[in-house]
Amino acid sequence: MNSLELFTVNNLWMLVATILVFIMHLGFSALETGLTRTKNTVNILFKNVSIISIGILTYALCGFNLMYPGDFSFGQFFGFAGWGLNVPVGNAGLIEYANGQYTYYTDFIFQAMFAATAATIVSGAVAERIKLNSFLLFSFLYVAFVYPIAGSWKWGGGFLHQMGFYDFAGSTLVHSVGGWAALICAYLLGPRIGKYTKVGLKPIMGHNMPLAAIGVFLLWFGWYGFNGGSVLSADPGAVSYVFVTTSLSAAAGIVGSLLTSIFYLKTNDLSMILNGTLAGLVGITAGADVISPMNAIYIGFISGILVVFSIIFFDKIKIDDPVGAISVHLVCGIWGTLAVGIFSTSYSFVIQLIGILSYGFFSSLSAFLIFYTIKVLIGVRVTEEEEIIGLDIAEHEMESYSGFQIFTVE
Amino acid sequence: MNSLELFTVNNLWMLVATILVFIMHLGFSALETGLTRTKNTVNILFKNVSIISIGILTYALCGFNLMYPGDFSFGQFFGFAGWGLNVPVGNAGLIEYANGQYTYYTDFIFQAMFAATAATIVSGAVAERIKLNSFLLFSFLYVAFVYPIAGSWKWGGGFLHQMGFYDFAGSTLVHSVGGWAALICAYLLGPRIGKYTKVGLKPIMGHNMPLAAIGVFLLWFGWYGFNGGSVLSADPGAVSYVFVTTSLSAAAGIVGSLLTSIFYLKTNDLSMILNGTLAGLVGITAGADVISPMNAIYIGFISGILVVFSIIFFDKIKIDDPVGAISVHLVCGIWGTLAVGIFSTSYSFVIQLIGILSYGFFSSLSAFLIFYTIKVLIGVRVTEEEEIIGLDIAEHEMESYSGFQIFTVE
Amino acid sequence: MNSLELFTVNNLWMLVATILVFIMHLGFSALETGLTRTKNTVNILFKNVSIISIGILTYALCGFNLMYPGDFSFGQFFGFAGWGLNVPVGNAGLIEYANGQYTYYTDFIFQAMFAATAATIVSGAVAERIKLNSFLLFSFLYVAFVYPIAGSWKWGGGFLHQMGFYDFAGSTLVHSVGGWAALICAYLLGPRIGKYTKVGLKPIMGHNMPLAAIGVFLLWFGWYGFNGGSVLSADPGAVSYVFVTTSLSAAAGIVGSLLTSIFYLKTNDLSMILNGTLAGLVGITAGADVISPMNAIYIGFISGILVVFSIIFFDKIKIDDPVGAISVHLVCGIWGTLAVGIFSTSYSFVIQLIGILSYGFFSSLSAFLIFYTIKVLIGVRVTEEEEIIGLDIAEHEMESYSGFQIFTVE
Amino acid sequence: MKLIIAIVQPEELPEIKEELLKRKIFKFTVSNALGQGKEIPLQEVYRGIAHEITLLKKVRLEIAVNDDYVDAAVEAICKVANKYQEKGRGKIFILPIEECIRIRTNEKGKEAIG
Amino acid sequence: MKLIIAIVQPEELPEIKEELLKRKIFKFTVSNALGQGKEIPLQEVYRGIAHEITLLKKVRLEIAVNDDYVDAAVEAICKVANKYQEKGRGKIFILPIEECIRIRTNEKGKEAIG
Amino acid sequence: MKLIIAIVQPEELPEIKEELLKRKIFKFTVSNALGQGKEIPLQEVYRGIAHEITLLKKVRLEIAVNDDYVDAAVEAICKVANKYQEKGRGKIFILPIEECIRIRTNEKGKEAIG
């Protein structure tokens, strides 16, 4: 077991990482708000503030004990250590809890910050047309049950862990779990009015590019905690290595999307390189500790290319994702997880694929069942009139930019 | 005394906490700007940038030595260790200074960041109508003298400390000290033109909800340093515990204000859940290290409810507080301090109450004397014409959003 | 060599400092965007996102090995340790790499974050009229070659280091190296249309003051990592000392610029105190570890005054710098470096001057050669029509604030 | 020559544009406006205080046409707006124009308008 | 039928609205504008450079009324603005309307205007 | 009295202002507008989707003048805009004003306009 000193510094890093993951929620809020219209701004902010609350509270209620059940009840698929926090007393919750890496409380709060992320990913994809209550209900159920159960399969020591599936910080466990739900919900919701018209595709422009850029920078900032914290200690070699691969992949993601934008789209599309940055980050997340710096650059670069084509693809099949959440989190999440099997000799491509499929199956099925049930019971989409007037007025009776003159057409 | 290693980690955490508290000033700036009108934006930013400067410099000048005087001159009420920084030489300022928790310099800068907070709280409550010079003068005097003297009573080892009063990170010492001044100043200033009309209450809407949300997220972010740093070491158990209670209370504050908004106000008011988040944070601040996680949820939840009713109440008695500073910092600061007496068996409700009253008496009296004197001598309120045209033009001859079309009426 | 514990905490601090320096790029983006016009917002964000990518990738490609060549090939002026990262294996890259201060990877990524800064400084000065491609090309060359070669002279152990030149965290090595390039490029580009008219100077107002303030606060925030990380360990005494001098100088910079604005400009100019804050930060950067707290206040105060007069001066000689980058980074960078020679008895004023001149000569010559070549070959300035319509439409075919009504004239 | 000023709901603009083009009316000017009419006011709530917004967002169209195009223009606008049978569909005002000048060519009168 | 175009100070709008309602004029359209007139220009300073803003913020009211309401409307506006005796109180222009159409019902003329 | 409504390119405004002042026309009102005309539409691309912006940014000038100033005003505007020989230079419409009132003084007619 580590010395008290090492325990303290390890734990400190995990706490700092927690804060960094926390601020990613501001990143998501800003990005989603920036890439949608003024008339839905209050709504998006409201959802994002609520989600972080739902995430933390449900994780305390049951999520933590579903994700790290200790013993499984159904094979290695499901286990539950009971409601609420079971704080081990004395040193068992402190230095002994994880051999001097972090305390019980640190473990809980670090993981809790991750949990809310999955729901936030969905938030962007369904923006500008989902009913507030239905969204909050969906998030509640998804974060409280689906995310932690899925998580237990690998991080909780479940069957995928046993098989040797590898996902360092959650390209699959967090990003694609959120991404699948985003895909299913966006599909069930249908596109925003005016996006896919008889005369073809029409862009619905985001209203605040500085806000979107703030979002991406803060997400990158927080990602150092997301990936760096996933080392689960302050081990100098490991954490600094993860910092380097993470940075290189993000930087390469920018280059990848930049070149694709210039050569394929023939323009310098800011929203694309913003997504490309995130693509690079999601792509490296599964293997940040095992991928070489050079390969990190490849992975990020490919992620950056992939995300642009993916965004175009989803528009082609008329799945309307205002912020590119599906392309960033699902597509690059899958790619990043596969990349571990490709670039690292220690992990098997096939097992990575099995992991991806297992998560895909479970996440999308759960998302479908939950969202479809909500759709049938209380509906998921606002009325056409509400959508046109905007959710800020329709759901919140409030404007986001009072005093500013805003032109709502074209 | 701690080992060099432990000293280094402890000190590192205190420095990181310092940075986190620093960024709360951006949080306040963004929140206050977002919840007021475009025409006073430059003014609010100007005030907030100035305050952080005033806070740090006066704390170096006299604040630190008033707050931690070592020996008291008047009973346990007032002491002063002299002007400027008295840096202990050699190890006395380093590992020996606080038994290997932090250095003299760390102590100073961490505390200095706290100091400015008290004045910032006032800034929000008096926004949109106060004269710039009068405000800066008030802040200077309040931060340089009132805050540190008040602080010495508990954190400096004064009479309330001797009595067993408990305030972990400053629900009372920081938030209510700022809150009382906010109340007094808002009262002496009077409401903004157009808020309380013959035909009744009229809302004066904030102009930038994303900015307000950025503010709240950053404040929460910084609060991990505010509360976590108040452990005064990187003790893994204590800091992680504080992180958990702080997070749970904030999350519960959101739920509390959300439900109150839905069921009592019959709407999903974003500005209310933003205030609810902060309410939860202020509420837990007094007892973050001694309140159980479950009780942290209760405290936060009640804070969230309280803040909504409090905002409505202050509007009813026509004390105009554009950002809800009094409700968040004063009302929830009092509640949080009392809650320590209620939920923790180690502390007495009565003594908590005595502490609250002592601070209330001293802070509001000082605020009144200072602000009233300024009012008489140079005036505190801009002219009606200046208020209508906005402080940006009136006091700064500058616009905040040049190029944007802004509608100044209705 | 340090113990494993001390190594871990030292390394942790360097990584946290890395993250803080990273977020300065958001600070720069926000500040530059806020102080320019809506019609060039997408362009500025695009440049800033690209620069961080260029910075990190070129530093991996060659920058790191140019800046820290180990052995020099040409006297102490130029050395190159080869392309790509040469990761030392085993403990040589870990605890042994820097005697238990940080790992090889930490060293690389911390330095890489610095590299991009130099180019970002230029970005502000040339905003609103430079061709995107030319800018990216210039940044690439300047960051890949000029910055690291210049850096090697001091931090890489080159001739200025041998002479006893002192620049703690880069008033000269980073800020003035960027500042010289900013000056040269702004000069070669010429002023924005409409700034210097026949009838005199006309202000071109920034469009978003809250954004500018966010930028400054984040820069200050990140500066704790910039200066604090330059201690190159978590040494409690040194890091906390640096925090204190940095904070005091920034605070005094605000006061200096505030008083100059009030008494000389006869107004409370927010943009000036924002620049004053940064001036104080740049000013202290060269000597943050050797300047006394009192002198830090003087240095910051003078920086704050200097920056205001400098901004007015550059307008007088018709060098158009939209965000004040030259005044902040070059002028105060020089002042801060000289101040080390003035206020600290351990360093010689003359040698400080020699250092400043060496960097000035090399940076401005290189910037001139590169930028002039680009000017001749592909041009550096957009057409008049593009400048009038704005770079967002001209270079990116995109608007930054879709839906908002924006008045493009007066 | 007449100046047709039409105050319509913002969301109708794209359709109105199409209808006008169909009728060979290619030129017009749009600005945004706030209108008070018979429409039901919007309810807003901010920090617990409810208030009614009676000035609602409108789009203001200005179309200068020769006399023989007036009916077509009016009809185009009405066609779109008439789909909805709620209050607040807006108004059209027709004003006389005495002279019209195409700045670029200095053409005047009927020639200049289109 | 007349179109009354009034350029007034922004802060007067709420009061003008009230006065109009009192006189049974319930419908009008508002847009924002910048006006240059006799008013003292605003002084602005940015980064040490002073400049004068001569185009000041105004509100532009359009009120279409039947002829017998013209005086009432003008009076309502003047009443509010006259309180202040400074320059820059604004102007009212009265233009003839040839036709007015209520889009919703296709009503025309006098019936349609109110 | 006439109301001159001119739709011009935003960047021309400062120069037009100067030219008007030279001709002793000191008062006018400006608002922003979007215009569709013969001008080449702007191409925008967002997230891989191109689209054309046909409604382009314009500035809308309203100048009320006595009859003898009409030509001067028109000439001032055309002078500036004519420099450029591209499409989309804009239009001027001249409408009759029946009455003009200076709110501050209640002056009417010719006296009030300037």
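Here are some notes:
Letters A, B, C, D, E and F mark the chains in the order given here, with residues in each chain numbered from 1 onward.
Just so it is clear, a residue touches a chain if its C-beta (ideal position, glycine included) is under 8 Å from a C-beta of that chain, and two chains touch if they have at least 3 such contacts.
Note that the coordinates shown come from a computational prediction; the quantities given were computed from them, not determined experimentally.
Think of each touching pair as a link: the shortest run of links from subunit C to subunit F has 1 of them. Taken over every residue number at the interface, the positions common to subunit D and subunit F amount to under half, indicating a different-residue contact. If you compare A-F with A-C, the chain pair joined by more contacting C-beta pairs is A-C.
With centres defined as mean CA coordinates, subunit D is found 51 Å away from subunit B.
If you average the CA atoms of subunit D and of subunit E, the two centres end up 18 Å from each other.
Centre to centre, using the average C-alpha position, subunit B and subunit E are separated by 45 Å. Among all residues of subunit B, those that touch two or more other chains are 3, 5, 9, 12, 16, 205-206, 208, 214, 267, 269, 271, 397-399, 401, 404-405, 407-408, 410. Looking at subunit E, residues 31-32, 34, 44-46, 50, 55, 95-96 sit in touch with two or more other chains. Pairwise chain contacts in this structure: A-B, A-C, A-D, A-F, B-C, B-D, B-E, C-E, C-F, D-E, D-F, E-F. Taken together, the subunit B residues at the contact with subunit C in this complex read 3-5, 7-9, 11-12, 15-16, 18-19, 22-23, 25-26, 29-30, 33-34, 41-42, 45-46, 48-50, 52-54, 56-57, 60, 84-85, 87, 93-95, 102-106, 108-109, 112, 132, 208, 211, 214, 395-405.
The residues of subunit E lying in touch with subunit B in their complex are 10-11, 13-14, 32, 42-46, 50, 57, 59.
Those residues of subunit C whose C-beta lies close enough to touch subunit E in the complex are 201-203, 205-206, 265-267, 269, 271-272, 308, 311-312, 315, 324, 407, 410.
Taken in their complex, subunit C has these residues touching subunit B: 3, 5-6, 9-10, 12-13, 16, 20, 37-38, 205-210, 213-214, 216-218, 220-221, 224, 228, 234-237, 239-241, 243-244, 247-248, 250-252, 254-255, 258, 267-271, 273-274, 277, 293-294, 297, 401, 404-408.
Across the complex, subunit F meets subunit D through its residues 2, 5-8, 31-38, 55, 58, 60, 74, 77-78, 81-82, 85-87, 89-96.
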